[in-house]
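Below you'll find a set of structures to go through.
In the two complexes below, chain A is the common chain; its partner is chain B in one and chain C in the other.
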Partner chain A sequence: MDKRILDIAAIAAALVAPVFFGPYGHYIMCMATIYAMVSLSLNVLVSEAGLISIGHAGFWAVGAYGSAVLVERVGVPFEVSVVAAAGLAGLVGVVVGLPALRVRGHYLAIATLGFSLVLVHVLYEWDGLTGGRQGMFVQRPSLFGWSLAEDRQAYYLCLAIFGLLVLLVRNFRRSLGGLSINALRQSELAAQCCGIDLAASRLFAFAFSAALTGASGALYGAVLGQLSTDSFTLVVSLSFLTMAVVGGMSSVWGAVLGGLFLAGAPEGLRAFEKWQMLIYGVLLIVFIRVLPKGLASLPERLAPLIGGRR
Partner chain B sequence: MTLLSLVVSGLALGSIYALIGVSLVIISKATDVVNFGQGEMAMFGAFLTLTLLRQTDMPLWLAVLATLPIGFLLGALVQLIVVRPIENAPALNVLISTLGLFFVFNSAAGIVWGFDPHPFPSLFELAPITVGGVAVTPASLGIIAVALSVMFALYLFFEKTRWGTAMRAASMNRTAARMMGIRVEHVAVAAWGLAGGLSVISAVLIAPLTFLDQQMMVSIILKGFAGAILGGFSSLPGSVIGCLILGVAETLFGAYVSTSMKDSFAFVLIILVLLLRPSGVFVTNRAKKV
Partner chain C sequence: MSPALRVRDLSVYFGGLKAVDGVGFSVEPGVVCGLIGPNGAGKTTLLNCLTRITRPTSGSIEAFGRDVLRLPIHAITRIGMMRTFQNLELFGDLTTLDNIAMGCAHRFRTGLLSELLALPSARRAREAAYGEAEAMLVELGLAEHRDRRVSDLSFGTRKNVELARALCSRPKLMLMDEPAAGLNGAESAELGRRIRRFATERGITVLLVEHDMPLVMSACDKIVVVVQGRKIAEGKPEEIRRNPEVIDAYLGEG
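The block that comes next holds the complex of A and B.
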């Protein structure tokens, strides 16, 4: 019961928070929410399905460019384009995952790595559609014709979509598909004996994760106002993974903490800009070793030390 | 350029991929880890070699020989410090740690040696000569020769020495190997060290052609993966042949089809191989029954 109180408190805090910050703070909060969506998608992939992607920046790019092109070139309303971007990213996820998921886990990592490198290359070369080297400008997010010109307004949209995605993920975890994928992670053999289709379940989980990232990408492009291929490099994919590991991959709390980490770290580390990637790398190694479930598991790890209960 | 000279430079490129590919396969066979940081460790080792070269008046060939112990030390240390403590954790966690290694070595090289490309002296002449009517660069021939002799030494090591036999045994069945008195922990360190040595050689061989910089190995490790998967990730000779084929195919693709999409070629190949023959072209498929 006290867990629910904590959840409500967190939602209230997220709703009230913009009051205490200026426009730049609102921008950071938008980014934190957008990153938290990616973190959520990695939660599904890594902790539910036991798979890994080193190319989630690629799906992020599919979402961002997909939505931007739909809005700018085709004239689709923003809210439709977010859904379309998610669908497109999911579809691309099927194409990338289809061959890799039939074999062992690390092939998926290699396939996603290759995919993201190639995708960025294609986006860079495809001048006519994406603006290539110059990048492209993207309209502010809008809702039913209302432009959300300020980051404070955009933040509430991001928050609402994040909430929606959280509900989706929770339902997925409880659905037959979610349970199958969980069973597969624990024992491929036992799960398959129960009649679970290994390839189909994993493919669905992977595509689902890619779609969540695609939705996040659509928001990212709109909030930032411009896109260039520099935002979707391998380093970004690895930063995503760092964020998911640091935050913790087995809960929504972890996703939120991860998002806050990735949005806040560049601010906190501004003086050490050159060292940022090194710090991420060290964090990855140290967290996996010391706190593999991330910051979100800190309370339960500390509880025995403080209270001695349980 | 004639077809034959393209094939030679493709083989040289393939040899570089093969050294990286083989080091990935050695680690994967011995410790069940796919090390995504291998390319960056190679790049870091090449920078260490360059520093050695600048600080001392060592002749170039000696410095190139020194890459082997440098790489071995690097690989062994990484195994002991980073991988050993989590060897009982889920495979995924180890994989994530190797991505951490990628970050650490990539940015450490940038911090120590700067983010600009450094020229790297070449053992071999870079200007093309004509051999039997075919224009080839001595560098290509040299790379192929070095890689082939390293591969041959590797073959002798695995087939003829006690250590090599122990490593093969440990990769087949760890428990049985342990019961036969093989120290599996030592095998893991040796495998990481060996792989480190091989990959630093590949970085030092490619550096004169591409310049030594912090990002140089990112695409090369992907090619190493691609070649190894093409030939069969579980087989050392298969992965070497796969990498050589990839090198030639890629060079021909670049010359006759499209230069700018050359890098994408390897990735499409990965997808195709995984789709059609996931265990590799040269490995007979062992179906696993459920």
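The block that comes next holds the complex of A and C.
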């Protein structure tokens, strides 16, 4: 299948790409991969489960600070801290999801928003653990004794973890559990009559999405080298949603394109910094109206135009 | 042996409105039981109580000796109850095959963790579920629609998909809400033969809510008549047909 060839080509391109860029390019590539993980997690939540979160920066913060605290204050190896950060974010996802399960749509969005605002405030005030207003430094990780001092090396770590997360999501999509959560989004009534536990399924989707974002957060802190609560504001949550919509919600390709968009956008928009949120907002509306399945759906949308009319 | 279904003194009040008012009846295993009555008589509300969508104000429901009202909605299918819907409840974006597989997915599911890691057990579970779905697809003559999105199918075909999904759960008690609505005479007659076969070949007990009188009279072993939330008659089709009260309230002359 040509689709498979496309996938292999993309993997190859991702592997050789660092050759063509300098250190700053490597940094942007790290960020693109890290954002792509968040985009992937929103795909699961929004596109598969039909739930919405405007507080994913909160789960990102749980992952980032969780990993940093484990590495810096407890001395846990970095690779273990990534898994722990994902688990912790998943657990927080369950806690946030429990009351949120009773509400849907706008109400769920507000509940996740409330969570992320409270969390950031707590992190800001908790000086002893997080450095509070000064923020905290995070050392560059070494992996099984290999130093990842350069962004080029860190990029390959990000890429490897992104690959693992993609596998998990793919497995999920192909499983009976994934089918069930998808079915639940389309008809709650029929799905429940088919034996699906609505509460447990929703909670799982929420926790799974949060865990993926948590893993991303752990890498974010490590690549950036420092953490401050400014990185986890409402604006960040909204830019995550914009990224997921712009890239496309229903495929890994969409997640990758979304990641590239969010990592590249600040560079392209540098001259319009004050207008950034406005531009994101306009993009979000334009995409939902014109290209609801995101950049990833461009080929199938353009194919009829290029191939001529039948 | 306990009956497949026993409803006792069931009432549902919506505010001051008595949608169902003290209805009781039972259905023996393997019997096709019709539930008829004019629009607004409370038939769908009664079905919704049986499948735990609506909470009754009072009364009790037992299926195969189990207290249905103590089960959550998703556990209904585990004791062998399945339903179809008056206005269809399908998973529109999924394919015909996926829809049917959902009928039996719950019988095969392994844990979520094994599914995330795609462990062999999870893969076998998926294959087993889709194997049964494929067989049901062929049995109900839906093979040509296998990979099409169900929202693209005609109404009649979608009804068939919903039926296939219900059968795929291997129900012991099937609750059907107006399965003949929208079907023509020939299709409705075929449906009637099918329902008879469910009972005789698969031993499925059927509770059939329906307005199509030829179908009800030919397919059912017994009939319960409700009018304005109350049961006014219960008996064999020929008894119901001659019952003056039923003729007066529902069947009319003819």
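Definition applied: the second predicted complex is superposed on the first by the 305 of 310 C-alpha atoms of A that agree within 3 Å, B and C clash if a C-alpha of one lies under 4 Å from a C-alpha of the other, contacts with A are read in each partner's own complex, and residues count from 1 in each chain.
Note that in this section a residue touches a chain if its C-beta (ideal position, glycine included) is under 8 Å from a C-beta of that chain, and two chains touch if they have at least 3 such contacts.
In this text the structure is predicted, and so the values were computed from the model without any measurement.
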item: Touching partner for A:275 - first (chain B), second (chain C), both, neither; value: first
item: Touched partner set for A:118, first chain B, second chain C, both or neither; value: first
item: Partner chain(s) touched by A:54 [first = chain B, second = chain C, both, neither]; value: first
item: Contacts of A:176 with chain B and chain C, given as first, second, both or neither; value: second
item: Partner chain in contact with A:192 - chain B first, chain C second, else both or neither; value: both
item: Partner chain in contact with A:204 - chain B first, chain C second, else both or neither; value: second
item: Partner contacting more residues of chain A (chain B vs chain C); value: B
item: Touched partner set for A:46, first chain B, second chain C, both or neither; value: first
item: Chain A positions touched by chain B in one structure and by chain C in the second; value: 189, 192-193
item: Partner chain B, residues of chain A touching it in the complex; value: 46, 50, 52, 54, 96, 98-100, 102-103, 105-107, 109-111, 113-115, 117-118, 121-122, 125, 189, 192-193, 234, 238, 241-242, 245, 274-278, 280-285, 288-289, 292
item: Chain C-touching residues of chain A, taken from the complex the two chains share; value: 168, 171-172, 174-180, 182-183, 186-187, 189-198, 204, 208
item: Touching residues on chain C, where the partner in the complex is chain A; value: 51, 53, 72-78, 82-83, 85, 89-94, 98, 101-103, 105-109, 112, 115-118, 122, 125-126, 129, 165, 169
item: Residue ranges of chain B touching chain A (in the complex, touch as defined); value: 34, 36, 82, 85-86, 89-93, 95-97, 99-104, 106-108, 110-111, 218-219, 222, 225-226, 229, 260-261, 263-264, 266-268, 270-272, 274-275, 278-279, 290
